[in-house]
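Heads up, the thing below is written out as structure tokens.
Chain IDs A, B and C follow the sequence of writing; residue 1 opens each chain.
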Amino acid sequence: MLRVDNLTKSYGGVKVTRGVSLDFPTGSITAMIGPNGAGKTTFFNLISGHVRPDAGRIVFDDQDIVGLSSLEIVRRGMARAFQVATLFPSLTVREALAAAVISHRGHSWQVLSRFPLQSARARVDELLDLMGLISAADTLSSILSHGDQKLLDIGLALAMNPKMLLLDEPTAGMGPDERWRMIEKVRSLWEKQRITVLFIEHDMDIVFKIAQTIHVLKYGAVLAQGTPDEIRGNDEVIEAYLGTDQRLSEAVGEV
Amino acid sequence: MNLEALAACLTSASCAVTQISTALIVGTLLFLVAAGLSLIFGVLGVINFAHGSFYMLGAYFAFTAYKLTGSFIVALVAGSLGAGIFGVLFERLIISRVYGRDLLMQLLVCYALTLILDDGVKLVYGAEYRMMGMPAAFAVAPVQIAGAFVPGYYLFMVGIAVATGLLLWLAINRTLLGKTIRALAINPQMVGVLGVNTAALYAGVFGVGSLLAGMAGALAAPIRTLTPGIGFSFLIESFIVTVIGGMGSIAGAFLAALLIGFIRAFGAIGFPWFVEGLMFAIMALVLVVKPTGLLGREAA
Amino acid sequence: MRSRLRRDIVVGLILFFVLFFLPTLFPKPALRDFLIYVIAYGLLAMSLNLLIGLTGLVAFGHAAFFASGAYTFALLMQSGRTSIPLAMLAAIVGTTVLALVIGAICVRLKNIYFSFITLAFQMFLHSVILTWVSMTGGDQGLQGGIPRPVFFGIDLNNARTLYSFCVVTFVLCLAIMRQVSESPFGYTLRMIRDNPERANFLGVNVVRMKLGVFVLSGAMASVGGIVLALFVSGAYPEFGFWTTSGEAIFMLMLGGTQLFLGPLAGALLLEALNHYITIYTEYHGMVLGVVILVIVLGLRRGIADSLFAYVTRRRRGRRIDDVKRPILQPTKNEPA
């Protein structure tokens, strides 16, 4: 679905992404991990068209997308949820989802009918159900709980019917129970909707349980990639990121 | 449009000098007002739509002080300080409550002050024209340059404005206080955490900004008639100057003010109704090509 | 959702009947005149709110389209070759084109730079009006009045007929603006107001949408100009001066930007204030200034918005207006 070749980006002399080459097969669920500042969010910005790479190729769904605007990339099927949920404060959950669906279907310019469009209603209900937001449907986005905000964030991305979903720290800022619920939701979405998922995470338990493949970034370059078992046993990764605490390894092994 | 008259003036040395001197004094007055505006915006992030009122206050205070004491120096000081004090009061009592609120609220609050002050002045001084007249110290024979007569007072004005501009630039770029103020513009929370009294600094900067406008008003008092509402035209033009020169840049304000001064002076001969049009056209051009202005920085 | 449309229609009809029959109940010509001013400036303010309140585009130069509508209409009528409906249509279309040209340049800039460049264009237009004396009469305005030939049996020389015509035009424009505001387009604009970057990530072409609403609001503003020109039988450069834009912004803030009819309430309030204050004192600026300070520092938002928030809070806690709607980032900003 997505292939990245030798992606490079510098900001004023600092190389934040160095020659990253990665492959994301269709229908896979991949995690990207690494210490802070490793360039994970920059990677997201590069592939979603928010930032232009200095060099390298990005092929999404068999199309070269370097140089395309983020708008065009979204239209081609890549959707994104953010580390800090950025929403529309004055719209309710239902309204925000409806607006997103309407935008996806190209009806944003409609002036002759009333919002929300009858045709969008079914899809909105579907999304509400999918994300578990039915009870919060008529709440203003700005007063949602943190967890619900992140769910809405993902819901908005899903409204785009994406082929690939980018999730930037979906469990950030949540307590342990909420985390598992969230990541379970992500996993069931992945299974049911059959989309390619790439998520950034810091919670290793979650990463090892859910991801099929893990890519490890450090200082902008790929340190290692592989299945959870491979990564767990990789010395370099342990040294750079995971730590050599025996208890951590055991706990992770148990899960 | 009278472009032949313009051409004729440009080729005549005496006419050219006269117009240049007009351009310079308009430019210096504008510079002082715009510098204050730019400072306030650069540090406080407030677009002070009431700035013209401080110009007006400076003129009226200078007028009163001169009538009372007969001394121009006292008048100049009174005008500047008076406006500065009003500025500090306005900042503490009203502006500080709208920091961080949206632009329209700030606009409204400043406009409200302008309305109140304009009528306040009308109440105290009456709506008729007042003239301060040239102070005795400057009632000397005008200087002759290239066949044109340039009043000595003009030279004095330009001198004061340039000196003030330099002083301001030095203060901001070469002193510790200036550095603190620049830091304040970039990250006020951090400066506050470092133990600096940010509220006092804010008030101080606003006071200096309005003082500059008041100084311009005081300097203009001998050569212009005083009526409530003289602040308005200066307000709009100082915005043009700030946009063209760059918000937050003193040097930019200087250049842009001179430019506008020249357009006013020569435009009055060549295209009197279109002077504003030209100024706004340049402003639009700058906004499209380099929105931060000729010498402006990217938003701090 | 159906009920919203029904409710809007009811409100619209009530507004229409009240405006239409008010002069019949109180037959003072002064009232009629007052209401026509409210209609003209109300259209200016309501159209501006499509930009400010709905999309978050703070335009300082909106009066340009008010003036353009007035002058175009007046000039066409003075030429003696068109009927009133045709001249109106032409003026609206002409202003739409103007708004398209100006908007295409302005809409690419953000925040305060957008505000200033709209002002620059407006004042430039104002200068053109002042300079082109042969066409516009310069600073004196258009002389000679505007003929009002009968059309479709309607004689606008009759004051009552003129008033009714203005009311009908007004309510029609309000209906159009309401429909746009409640349409998918309107909600997409709200998305842009709240979070343009995210809207972009959801496939919205932000620049094009901004241009669209800019053009529409320009067209609506021109209708206000036409009404005023028709009524005062002339057109004056003040229509395009920055103080007119300023008054419109006033009305928005006084009345409130989040409730649809807020700006109209603001227009009514400001016109009433202007009218009554000048009767009682010559220091009307001071009174107005104090009123503004009270509203801004005390209420913190427009009057209609405050009333609405108060009423809603007493009912249920869910759809409160206390949400901070970022109309404009308050401090320094980057350009486009």
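FYI, contacts are C-beta pairs under 8 Å (C-beta built on N, C-alpha and C of every residue); 3 or more make two chains touch, one makes a residue touch a chain.
Just so it is clear, the structure is predicted and the values come from calculations on it, not from any experiment.
**Student:** Report the chain whose CA-based centre is farthest from the CA-based centre of chain B.
**Tutor:** A
**Student:** Find the most central chain, measuring centrality by the gap between its CA centroid and the centroid of all protein CA atoms shown.
**Tutor:** The most central chain, going by mean C-alpha position, is C.
**Student:** Taking each chain's centre as the mean position of its Cα atoms, how many Å separate chain A from chain B?
**Tutor:** 52
**Student:** CA centre of chain A versus CA centre of chain C: separation in Å?
**Tutor:** 43
**Student:** Centre to centre, by mean C-alpha position, how many angstrom separate chain B and chain C?
**Tutor:** That pair's centroid distance is 33 Å.
**Student:** By residue number and range, which residues of chain B touch two or more other chains?
**Tutor:** Residues of chain B touching two or more partner chains: there are none.
**Student:** Counting only residues that touch at least 2 other chains, which ones in chain C make the list?
**Tutor:** Residues 326.
**Student:** Chain A: which residues touch two or more other chains?
**Tutor:** Expected reply: no residues.
**Student:** Quick one: in the complex, what on chain C touches chain B?
**Tutor:** 52, 58, 105, 109, 112-113, 115-117, 119-121, 123-124, 126-128, 130-131, 133, 138-139, 242, 246, 249-250, 252-253, 283-286, 288-290, 292-293, 296-297, 326-336
**Student:** Where on chain C does chain A make contact in their complex?
**Tutor:** 1, 4-5, 179-180, 182-188, 190-191, 193-195, 197-205, 209, 212, 318-320, 323-326
**Student:** Under the definition above, what is the set of chain A residues touching chain C in their complex?
**Tutor:** Of all residues in chain A, those touching chain C are 48, 70-71, 74-75, 79-80, 82, 86-92, 95-96, 98-100, 102-104, 107-117, 138-140, 142-143, 156, 159-160.
**Student:** Quick one: in the complex, what on chain B touches chain C?
**Tutor:** 1, 41-42, 45, 47, 94, 97-109, 111-116, 118-120, 122-123, 236, 239, 243, 247-248, 271, 273-278, 280-281, 283-284, 287-288, 291-292, 298-300
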